[in-house]
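Order as written gives the chain letters A, B, C and D; numbering starts at 1 within each chain.
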Amino acid sequence: MTPDLWSALQAQRIETPSWGYGNSGTRFKTFAAPGAARTVYEKIDDAAEVQRLTGIAPSVALHIPWDEVEDYPALGAYARKQGVEIGAINPNVFQDDGYRLGSVCSPDEAMREQAIVHLLDCVAIMKQTGSRDLSLWFADGTNYAGQDDLRARKHRMRAALKRVHDALPENGRMLVEYKLFEPAFYATDLFDWGAAYAHCLKIGDKAQVLVDLGHHAQGVNIEQIVAFLLDEGRLGGFHFNARRYADDDLIVGTSNPFELFCIYAELVGAAKSTDDLTRQTAESVAYMIDQSHNIEPKVEAMLQSVLNCQEAYAKALLIDQDSLKEAQAAGDVLGAHRVLQDAYKTDVRPLLMEWRESRGLNPDPIAAHRASGYQQKVAQERGTAQGGGGYPEKKTAQPV
Amino acid sequence: MTPDLWSALQAQRIETPSWGYGNSGTRFKTFAAPGAARTVYEKIDDAAEVQRLTGIAPSVALHIPWDEVEDYPALGAYARKQGVEIGAINPNVFQDDGYRLGSVCSPDEAMREQAIVHLLDCVAIMKQTGSRDLSLWFADGTNYAGQDDLRARKHRMRAALKRVHDALPENGRMLVEYKLFEPAFYATDLFDWGAAYAHCLKIGDKAQVLVDLGHHAQGVNIEQIVAFLLDEGRLGGFHFNARRYADDDLIVGTSNPFELFCIYAELVGAAKSTDDLTRQTAESVAYMIDQSHNIEPKVEAMLQSVLNCQEAYAKALLIDQDSLKEAQAAGDVLGAHRVLQDAYKTDVRPLLMEWRESRGLNPDPIAAHRASGYQQKVAQERGTAQGGGGYPEKKTAQPV
Amino acid sequence: MTPDLWSALQAQRIETPSWGYGNSGTRFKTFAAPGAARTVYEKIDDAAEVQRLTGIAPSVALHIPWDEVEDYPALGAYARKQGVEIGAINPNVFQDDGYRLGSVCSPDEAMREQAIVHLLDCVAIMKQTGSRDLSLWFADGTNYAGQDDLRARKHRMRAALKRVHDALPENGRMLVEYKLFEPAFYATDLFDWGAAYAHCLKIGDKAQVLVDLGHHAQGVNIEQIVAFLLDEGRLGGFHFNARRYADDDLIVGTSNPFELFCIYAELVGAAKSTDDLTRQTAESVAYMIDQSHNIEPKVEAMLQSVLNCQEAYAKALLIDQDSLKEAQAAGDVLGAHRVLQDAYKTDVRPLLMEWRESRGLNPDPIAAHRASGYQQKVAQERGTAQGGGGYPEKKTAQPV
Amino acid sequence: MTPDLWSALQAQRIETPSWGYGNSGTRFKTFAAPGAARTVYEKIDDAAEVQRLTGIAPSVALHIPWDEVEDYPALGAYARKQGVEIGAINPNVFQDDGYRLGSVCSPDEAMREQAIVHLLDCVAIMKQTGSRDLSLWFADGTNYAGQDDLRARKHRMRAALKRVHDALPENGRMLVEYKLFEPAFYATDLFDWGAAYAHCLKIGDKAQVLVDLGHHAQGVNIEQIVAFLLDEGRLGGFHFNARRYADDDLIVGTSNPFELFCIYAELVGAAKSTDDLTRQTAESVAYMIDQSHNIEPKVEAMLQSVLNCQEAYAKALLIDQDSLKEAQAAGDVLGAHRVLQDAYKTDVRPLLMEWRESRGLNPDPIAAHRASGYQQKVAQERGTAQGGGGYPEKKTAQPV
């Protein structure tokens, strides 16, 4: 293993989401998982377990108000004590009855204002937690043609984004997430990367696009969007997960691992670019997981997610860039493709075991976790929280 | 208006679902709707309002256990007093924590047995309510490749369907619904019409396929599936709704009204077939609505749904079958297409107003409903039930 | 009929494509159609027939080199004599063997230069034909991951677009078309509206996005893209056609007529906007048909296409804008949707017949065409050109 | 390497298609490839080269009339002399002008008869070539709603299939291929596996379903269809290729190699089944490639295809079936998934090199091919045939 490869692996970072440790489900059912985290403290404990075992998941994203506390500095101290940092702040503007017609795009000005106030509150929290990123997802959209004026909603979105942008801390950023559909089924206000990009461009330098792997139409080439945004200096981060159909929110890398590899290949390529903007953009990307573990154990699922990212990245690092460029320049279609495939086909598990051992980690984090009794321990301590439908309700997610 | 058209309109039937009158939502949020029905009695009241105004929605489907009561004959009497009948019985084998890995396809034999017992209980309820149809939807499936043995699950599905089939009453039927995905995101055990058809064929004559308009992959031609199943004598019924993306469960006819028309065109064509099996199958089709009214008023949404079906059917009745056949036989591609389009482009609203007036109905059911104060009245009487996430939980759906 | 409606109908324009009158096909087969136009003169004759019958198709788009001539002013004079004008110029940078790896994005600099020279030649033709629009479609893309460097190709695309842009005549425009896939099956260099928009924005004011209705992923809401681009002042024009699956290139409005109506509804709304940029953008949109009539008679298919656009536009003009705005502002989801539906459900055929009669046109252009013997006449005069595979080859498309 | 693994690898068979060695393209362009095979003899030469290098591609499928000859026994002798056998016979009922409205489903009885006669001619050829399989693909379908009667077309399809079935040789089979769309864009007569299966079931024991990996809607789980058909005893064979969008016909395994692995995993599982029908069905599957190499060298592309299948199969053979069953039975969702992933992540290239060397083959067939000068030799000998549009025309494909 070359020193470059070693240090690249050492520098990899995957942020896990607090909400990935609690119960979540589909609209039909949230299965109650024994030991699922009930409070932000338990979520931090779980995130710390993932970091302890993998060494590359040193931060945890918060969701407000699910993770709301009185004292954020104290929460940060608690997290650090467990071995993790507070990462991105994720506002919630989709779970009030008043948001029936949208939040920042609602035709009701009062609801728009309520939503913006919440977003600004989250900016204030960022400052307390020292978070760099405000991660924005809007459920805004319409279900029926004619329900609302699409251009008017676009203007409302832009005005809201602008206000929040201008309130961001000095080195803060806002990550603007797009999604084709769900929960809106006619039109989503931020419907694709182009819409998010157009807004970011007009709003200011702190606005960057966030790519969630499950938010595209079928067939869309995500690595090409990644390459395009990197080249334009507007890729802010990822929400990693896997999908086959819609926004399935499965464990990243389980449905089409080659796609995940191709995405990392673009990121590795951009990080080696001679173009300053592209390279710096690649270096600032926030890698975050956003999944919904409906039927599988939460912590084990998150471990698997982090490890799948690590394997994809390791393979991308193995791409022979010189051979690739040479074959591309020569128009050697299959030769160039095989350079990528050669890296992809390599079994990087022995290499990663070696890396882990050199860092004092167990070479097999999943086996270590299963052997540790962690899951049994939290199941006993925490019991089985009632599932209910869908995502957690605000009211049931208050910290103890 | 010809007598044939008149009597066809008179004979049209659309069954509304009890669950369409209560709160429902996406995995992110169920918005609390003022006046949403809380009990099976209130749901029947709402269904009766839809029947009163439209005259073609004379039955209401039940969902067990959401609509469970002690005394089904009494419930039937209550319904009849309001002006509607009890229609199809819909079991629920997806909301127990034990169904995490499936119901009749679960690797856990005890859960399979529990599910089958519930299905047989529903057969018993059918006999009490006098329902012809047991409408079966399974959330069964897997989220990850390898999670379970696909062929073994298929065998479990067949065995369960067979047991239920053989317990059906003399003139009873089971409608086997398929769905591409959700809540399973790798493989759904009844994943398409072909799978449902293959099972029905092997199980027996009382097993028929149910087509839900929102359960297909993008691009799939639903009217062709309808035509195929009609011709094979295996189309049992519909769950009507509209979608653009996934199983959006919007008001039928709102996303692509031409598609709904084309489906009715196949049904009208089959009903005129000289083939006995095809014609009898067409005559026995159960037309049912299955939607999730997340942001719109429940009763108004259901009225709109029924009226959209009526308009689509009326247009399909206007197709000049002789001209169509003639153009088809002549290979006149655009001429044949225009015969269909001529019917579709016709504004059937005046004709339907005339029909309604002849039946003593208000010519504009929606306006009549909005003017009636019904929505305000139930909002006052029933208040606003808490929404929560997703579909109603079993425990909150007990009748008062 | 109000004077406003009358004059709006009078002002509608649909440009037909020269290539829609010749033989075209799928990769499997081009069926030889009797009377299909063989030369640009015959194509102009056919376009003139469509204009004669509809009154709203006064121009014809050219494809170079399929329609290449020595003397463009003479060609223009010929067209005017038949009753039509020369419209947009469409370069062809996809039918040389050298374009195997792309044209302006090819890794081979010589091929890039050849492609750009052809584009500049087409700019020169624009100046001779007096065309406002250069309509650019690129088949550029890759078939395999790694085949070429996606960011390098993006840079090549931008450089080429910039050179062409800066050579455009004073009032000229370039319309940049995007397409998800075909003939490239891994990545298309201009893969969606966002990519086209980002390039246009960086290149200059004469660069506008062209929306082809068949170039999107499944589920994508095209009217929302239209609204977004109108609001950003970057919608340049349309290639109208219909699709259910991929880029099917069927007759516009045949697959989902409600979608076509919703697109026109956005255009009508934007044309009434108080925002100058939005309104002026809407007023400058180029409406063009781009279809492949594989099995249907060419001229009749084009007539049908133009009439389908006319009906969709007429319906959109009937939308009660005040009621729509009122219902939207009140959050009346279904009320607002019904305002749109009321216009859509109206049978506008009598109104359009009235309009045609007032203009001295036959009220039923299709029937008039079929009765005229035009098709029989050209079949006799032109005979049946050999079909072959796919689109016409350069060499077979030279004018006589 | 275990003896079982060794013998399984030894028994693997991939049939290559004659048409994969000639020029082919998209509807926009067929690029002329230097050395592309022009005659059936040259195609056999290329297939023999693939067999020589891989050892697992011992047969070549013919396409009639592209590969029509006077003397099939002589052709077979020529093939055997080169080291390959004649495999499946593929009729062509889509390239006559008379097939504009379909072949066996055409409303024109004369065309239906012409098509059936051609199919029966191909049965006669089967008997001369000793082929087991008649591989049937129909371009039949419609482009517009109403164009033809869907149920009537279904009856015509069944009648044709029945006639051909009953003419098959004793041990012959017909493989019935389905396809969602293209070249038909409204409805394809054999639109999915369910349609093909339903026909096969009613027609007879020699009718089996053929799965082409590119013929499904987006999201469809192909391995589940494979499992279903294996279990029903109706999987006849494959047309292997890769796709991201439509029927892209790229090199199998290049777009989503995990999917190809999952398909082989089902086949390996079925081959170990205790159910006789399932096991025998798995053992009789015909593995065939069907691709369109538009921009890449033909022989190298085919080598790559065969090797990708070999790697996927080798990985599937490595699945620890006992551990898989155990984890599945225990409901260990992620544990079971990891058993699959463990096999998939293994780098099987060293193992396959070892196997090749033991068979006297070059361990790296691609490198061997590139070093051999074969491509340069045939380019010199054969020159560069003109490409044209789309697939080869009948008339240009006659043997020299």
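Following the convention adopted for this analysis, contacts are C-beta pairs under 8 Å (C-beta built on N, C-alpha and C of every residue); 3 or more make two chains touch, one makes a residue touch a chain.
The structure presented is a predicted model; accordingly, all values stated were derived computationally and were not measured.
**Student:** Moving only to chains each one touches, count the minimum steps from subunit A until you reach subunit D.
**Tutor:** Each step joins two touching chains, and the minimum needed here is 1.
**Student:** For the chain pairs B-C and A-B, which is connected through the larger number of C-beta pairs in contact?
**Tutor:** Looking at contacts between chains, A-B has the larger number.
**Student:** Mind checking the centre-to-centre distance between subunit B and subunit C? Centres are C-alpha means, answer in whole Å.
**Tutor:** 40
**Student:** Return the distance between the CA-based centres of subunit A and subunit B, expressed in whole Å.
**Tutor:** Once rounded, the distance between the two centres reads 37 Å.
**Student:** Counting only residues that touch at least 2 other chains, which ones in subunit D make the list?
**Tutor:** 100-101, 143-145, 180-181, 186, 218-219, 221, 244-245, 251, 254-255, 258, 295-296, 333-334, 337-338
**Student:** Report the residues of subunit C in contact with subunit D in the complex, numbered from low to high.
**Tutor:** Residues 24-32, 94-95, 97, 99-101, 139, 143-145, 180-183, 185-186, 218, 243-246, 248, 250-251, 254-255, 292, 294-296, 387-393.
**Student:** Which residues of subunit B touch subunit C in their complex?
**Tutor:** For subunit B paired with subunit C, touching residues are 218-219, 221, 244-245, 251, 254-259, 295-297, 300-301, 304, 311, 333-334, 337-338, 344-347, 349, 366.
**Student:** Quick check on the complex: what are the subunit C residues that touch subunit A?
**Tutor:** Within the complex, subunit C touches subunit A at residues 100-101, 107-108, 143-152, 154-155, 180-181, 186-187, 191-195, 197-198, 201, 216-221, 223-224, 227-228, 230-232, 258, 262, 265-266, 269-270, 273, 278, 324-325, 328-331, 333-334, 336-341.
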